[in-house]
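A single structure is presented below for examination.
Each chain gets a letter, A, B, C, D and E, in the order it is written, and its residues are counted from 1.
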Amino acid sequence: MNQRTPVRLPLALWAGVTALLLVAPTLVVIPLSFTERRSFSFPIEGWSLQWYERFFTDPRWYGALGTSIAVAIGAALVATVAGTLAAIALDRARLRYGWLIRALLLLPVVVPQIVAAVAIFGTYLGWGISGTPLGLLLAHIVLAIPFVVIPVSTALQSFDPTLERAAAVLGAGGWGRFWQVQLPLISPGVITGFVFAFVTSLDEVVIAYFLQTPTLRSLPVQMYSSVTVETDPTIAVASSLMLVFSTIVILLPRFFAARRRRLLKAKETP
Amino acid sequence: MHTSARWSALLLAPAVLLVAICFVVPIGSIVLRSFTEPELGLATYERLFADPTTLRVLGRTLLVALGAVGLCLLFGYPYAYLMTLVGPDMRAVLMVLVLVPFWTSLMARTFAWVSLLQRDGPVSALLAFAGVPGVTLLGTAAGVMIGMVQILLPYMVLTLSTTLSRIDRGLLTAAQSLGANRYRTFFQVYLPLSLPGVFAGSALVFILALGFYITPQLLGSPRESLIAQVIGVRVERLVDFAGAGGLSLIVLLTTALCLAAAVLAFRPVRAMLGQGGDRR
Amino acid sequence: MSKTNQSPGAPAATLQQTGRSVRLSGLSKHYGDFAAVDGIDMDIRAGELLTLLGASGSGKTTTLSMIAGFTTPTEGTVLIDGEEITRVPPHKRNLGMVFQHYSLFPHMNVRTNVEFPLKQRGVPKAERRRRAMEALEVVELAHRAQARVTELSGGQQQRIALARALVFSPSVLLMDEPFGALDRALREKMQMEVRRIHRELGVTVVFVTHDQQEALTLSDRIAVFERGRIEQVGTPEDLYERPASLHVATFLGESNLLPGTVDGGVFVTRSGSRLSAGSAENGPATLVVRPEHVRVQPATGTGAGIAATVGEVVYLGADKRLVAVTADGEITARIAAAEGYRPGDDVRLGWEPGAAAVFPG
Amino acid sequence: LSGCGGGGGESGDGSQLTFASYGSEYQDAQNDSLLTPWAEEAGVTVTNDSPTSYPRIAQMVDAGQVTWDVVDTEPFYPVANCGTYVEELDFSNIDTSQFPEGTWSDCSIPFAQYATIMVYDAEQFAQAPQDFEAFFDVEAYPGTRLVPNWAGGGALEVALLADGVAPEELYPLDLDRAFAKLDTIRDHLQFWDTSSESQQALEDGTVDLALVWSGRAYEAELNGSTFEPVWQDALLAWASLSIIKDSPNLEAAQSLIEYAAQAEPQARFAERQPYSPANLEAQPELDEVQEKYNVAAPEVQDQAIVTDVQYWADHNDEANEAWTAWSTS
Amino acid sequence: MSKTNQSPGAPAATLQQTGRSVRLSGLSKHYGDFAAVDGIDMDIRAGELLTLLGASGSGKTTTLSMIAGFTTPTEGTVLIDGEEITRVPPHKRNLGMVFQHYSLFPHMNVRTNVEFPLKQRGVPKAERRRRAMEALEVVELAHRAQARVTELSGGQQQRIALARALVFSPSVLLMDEPFGALDRALREKMQMEVRRIHRELGVTVVFVTHDQQEALTLSDRIAVFERGRIEQVGTPEDLYERPASLHVATFLGESNLLPGTVDGGVFVTRSGSRLSAGSAENGPATLVVRPEHVRVQPATGTGAGIAATVGEVVYLGADKRLVAVTADGEITARIAAAEGYRPGDDVRLGWEPGAAAVFPG
């Protein structure tokens, strides 16, 4: 009954091609970051660590990294709090215009980034916050809010509302129910939202490009400028570092989950 | 537990105010400029539609977005399907293969494609090895499409795999017990059940593809320019905010129209599946 | 041999207390035009186990929910030990509650689930732990205190939910179809458990079910709900033997219904058989008789009764169900497993005059 | 993060100035050769911003939130926006006779000059092409041609010159004729948006002929490219310095412009970057390769064509719309 | 009066046919070292309703799955009407199958669900529709033909699934715990339905359940599974009255178990009571007696028997369950509802010698 359908060879092969397409960029930038020449050309003739040295000694690069991380953490924190609260409100109060508010909160995903960038740049300039950390932060918060609202809403959908009733009848007041029951149970959604928000900010180029100043330049903008203004393999270093970083971030929890599964299995079979 | 209207307003306030003030106001004001500059009226739109570039690039953008949707389905569906067939460990590996690029900076990936697709680059070499020498994909439509598909594919796979993993495999067994062979089981049962996921994934990929800027900029030639780049030129080269605002509105309306059309076209499917309200 | 009913003496002592009474007075809940609960008056005595029994949608959950405080009554009051609590929020009512789907907190382990209500009441940690372990001993799951709740079976989860509802010594315990999700065997076991705990702790229990067998097995008294109203309240025996209405008679236990007319103390079936009608008034009526009261005799036997042919005999282990086809339709009887009737046999059906009830309509 | 942005109207006491240019090493060199020495002398704190952005200037001035003072732009910009987005300069302390004719305007001075030139892959073609006709001769010089991807990049002028238009009759440009000429080699064209792309292409040898900036050809040669320049009809261009309209530090800005017009800073800059001084008095010390690409050299100046900034100031939008329409089709 | 068993004549006619026999011979399924099914031999007669009954994990589903063709046996053969089909793929076996979770196609409506198997067999559209409607009439849901399956209740869904499994006139119908997800009342109703349809259509039915009551109610014969093997096959009466093993005795129906020793035809309980042991061999043994066979008499009465005290009396409507505490543990008896024993009464328990069985161990 619950037997697995045998996997057909063509399917596996096609998935292999797809996987290759997905990881091909990873396979290429890492060697490129160790190139000796100031060039992106293949094949790579000599190897060196000079671009890594450059990345960690040139304030433009490590400064951009710092800016990106600082802004991403800030944006993710604010977006997570605001987005989670909004998702909870939308989930509970069956508001008459709930769908409209939801649509509004999701708008930043739908609007092409160049449009957002131009508009935000113009308006923020008028407010005097273009080119300030606050401006970039606000833009990234807004951009990240949908990425929090979506997973938190999903988590809330699978949250059994009778658990809240149970908590109430057991003596928990409003705060107790929120902190001790609801929040812990939707926390996977909230954490996913935070990670999404963080990565969204870390990855955003177009708006950050318009809002940049020499002292407020995110890593992706630095990379973009680097490809367009000068031939600088340091971008390969930045790419490799981000690749390795994101791979570790994704793999670690999975690795631990797999290990725990294996341990549990080992315990079950005496 | 029910929440009072005042409480929910309080909870909604931060997010709604942030989005409204920091996002909707700017978008609104730039769109407004397209109607007020140089004077009140539709002059900007007359100008934009008189320019042959607008419609041509808009049409191209729609085609490219559709192409991206098609290719993402072509690669993503079998991949997501495979994920439902394999064991948990293999599934985790397949998932990581999707997530790693997903979490990797868009700049990094686009840049990697520049290196991969350049003249005499790895892809060229691979094609030469396969017997097709002298092909350079950088600066071609194919190059742009490859880059876009790679960037968009994770969205498709993630959306699809959620739907596919929820399909009750018991239904496939049932279909076989009722006399359907493998292919009929797939086409008459599995595929129709996966359509909501196909639709959701396609809509997502389509919307994202419409706004692509960096990738065609770096991987394509002017002939592959998409609407976002044309908007970029209007702003940066021509300092034409009204025109950019007008184009933005055109893009937004096109997006909305396409989505509405798709939703209408798929209504029978949704109706059959009884979407919505199945949780609570 | 099953376990004897010796309860672990010590733990129960802490949890033991005198249950309190609940009075519902003129209680109604309207949703728009629709009355989910329609002016209920009921006294639930301190320490009794009262079951709300009724078909789906009859308003049982709504009533319980008003006692618990999740639903605000449209009209009427809820009193506990004479004190009105109609508008007190649920977390201040100090009632225990067990839900159909257990509603254990999946992010806590067994012990912390049980400690939860004590934590809300500011009980210090050590005391909390001690009392939680005692409650777990009452439900015989102290050895799983550290387990994750998702690792437990349905029956175990429901016992944890029970321990959690009891640990803060609520004076009233509300249970909404607590065993609806369990399979038959487990369900019967849990019913025994609830009987035992109720007896030991003396707590007032309001139990919701739509399973009449469960209601009969468990209750001190049963309140039968029908469309938002209470049709009859009484002991299981009252309801089974002396139903106040046709609906109660058919809802509780299996019944044979014979339509006919009462004419001067005689009940005449449609096909013309004449049976005793007791004190029923003249007019169209329905005669109700339980299968276990139907006596089956070979057709050769004499005596008043209804002529019938055996249609189907189903072996049930302890006894058999015999379906007899008469001129007035099918009549079901419960017969001893040893009796050898086979489909097609001609038989004669009868019952003691007091065993049948006649209702108008 | 330091206070580079912030609301407008800060200071105004002349002790500070914001300079906007194109960033990276180019702007570093500007700082070393020009801004730092001037700032020391004038006692002004300089803040740098980048990159130069026309919409940003427009928004600043329109919003009355001007945070930039002196800006490095393309030559047409100050001419097109003189008095609207950039301030008119006070020429009483500037000697314009040092600059090549047509490189300064009421609102700008040139700081460095370069040329848009044709380069060819010497390994590919034994016979060196002589003029722009070769660029359009795909029979004699087969291969891919790289051109700048905007109207003012020089491709239009080159097309008309190759089509037989005399240099002195070049302006106003006959756009239709230019595009028709370009269409003859449309399938052999590649485009560059940023000069680093062009340099990369020369180094990688992914094209065979190219229209590039002389400075990038120089850099490519240093990195081992096999491309050689053709100086005939080189299109002269230059980096323009001007003052943003309503600059909060007008006095300091004027002082910087006056300093930048002098020979010494321009010479220092030319030694650092592959640009030549616009002030022909300047005497930079150049090595052999730098000398090869020295646009200020008389023999280059003699055969070069100075682009008509007034034309570009008047027709930039129109030409660019036409260019976009042509290039994206 | 409940509906008489007159089936709608016409539709059944089309679906009627002679069921075929199924023979399992030496059938095994190993998963690694573990034998999920371990060498089963069984003849399922044409047209009979055979139930596979057993605890969870005993191999019932695996056996059914090998008959259906979803699982390939490690050893042994499956024959239908003498023809071997062990390696025929499922969609060519022409067996009907009903699953626990209905497995209706949510993207099709009721009628197209039922038409599905006919479509697979290339039946033309008009014919398909006609036969689907007939099958829906058999399950009394023809009026919901256009409904979306998700709009139907669990019981209705299961009836649709039944119609779908029957519409192509399979000669054998396999059902894997089809009513496991339904509540008690619905479940009993569906059992009646299956009995009726089985009788009307004459199809061979293999029915899997772990509910002994269901097995007793439904089956012509029952096969009791235990750890991948068949312990006993027989009619419900055979199994209930003449269980072949202690396991079968306890698995089917309620039983009292008394541990003790057999010594020369006498069964001695732990506390020393001496009871008849029939023909059991000497050695440690367990005496099994059904509650309905336990006779309860006041302690004043004379006669051999076990002295006991009444512990609990539960009113069950038709009768009462009396739990008596003896020196050998609790013994449960079913007594008439009219009898008035109360907790604390001293009683004497006894049974007919033939009513108890003694098993070694």
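In the analysis below, a contact is a pair of C-beta atoms (placed from the backbone, for glycine too) under 8 Å apart; a residue touches a chain by one contact, two chains touch by 3 or more.
What you see is a predicted model; the values in this text were computed from it and never measured.
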Review point. Just how many steps, at minimum, does a route from chain B to chain C need if it may pass only between touching chains?
Key: 2
Exercise for review: Would you mind checking which pair of chains has the most C-beta pairs in contact?
Suggested key: A-B
Revision key, fill the gap. In whole angstrom, the CA-centroid distance of chain A from chain D equals 39
Exercise for review: Would you kindly tell me how far, in whole Å, the mean C-alpha position of chain D lies from that of chain C?
Suggested key: 91
Review point. How far is the middle of chain A from the middle of chain E, if each middle is the mean of its Cα atoms, in Å?
Key: 55
Check your understanding: Can you list the chain C residues in contact with two or more other chains?
Key -> 70
**Study point:** Residues within chain D bordering two or more other chains
**Key:** 55, 193, 204
Revision key, fill the gap. In chain B, the residues touching two or more other chains are 1, 118, 120, 170, 173, 235, 241
Exercise for review: Over in the complex, which chain A residues touch chain C? Could you list them?
Suggested key: 160, 162-163, 165-173, 176, 180-181, 184-185
Practice item. Can you check the complex and tell me which residues of chain E touch chain B? Key: 68, 70, 89-92, 94-97, 99, 101, 103, 105-109, 116-117, 119-121, 148, 150-151, 164-165, 168, 174
Exercise for review: Using the touch definition up top, name the residues of chain E that touch chain C in the complex.
Suggested key: 1-2, 4-5, 180, 183-185, 211-213, 216-217, 235-237, 240-241, 252-254, 256-259, 290-292, 311-312, 314-319, 325, 328-330, 334, 337
Check your understanding: What residues of chain B sit close enough to touch chain E in their complex?
Key -> 168, 170-171, 173-181, 184, 188-189, 192-193, 195, 269, 272-274, 278
Check your understanding: Which residues of chain D touch chain B in the complex?
Key -> 53-55, 58, 149-150, 190-191, 193, 204-206, 316-317, 320-321, 324-325, 327-329
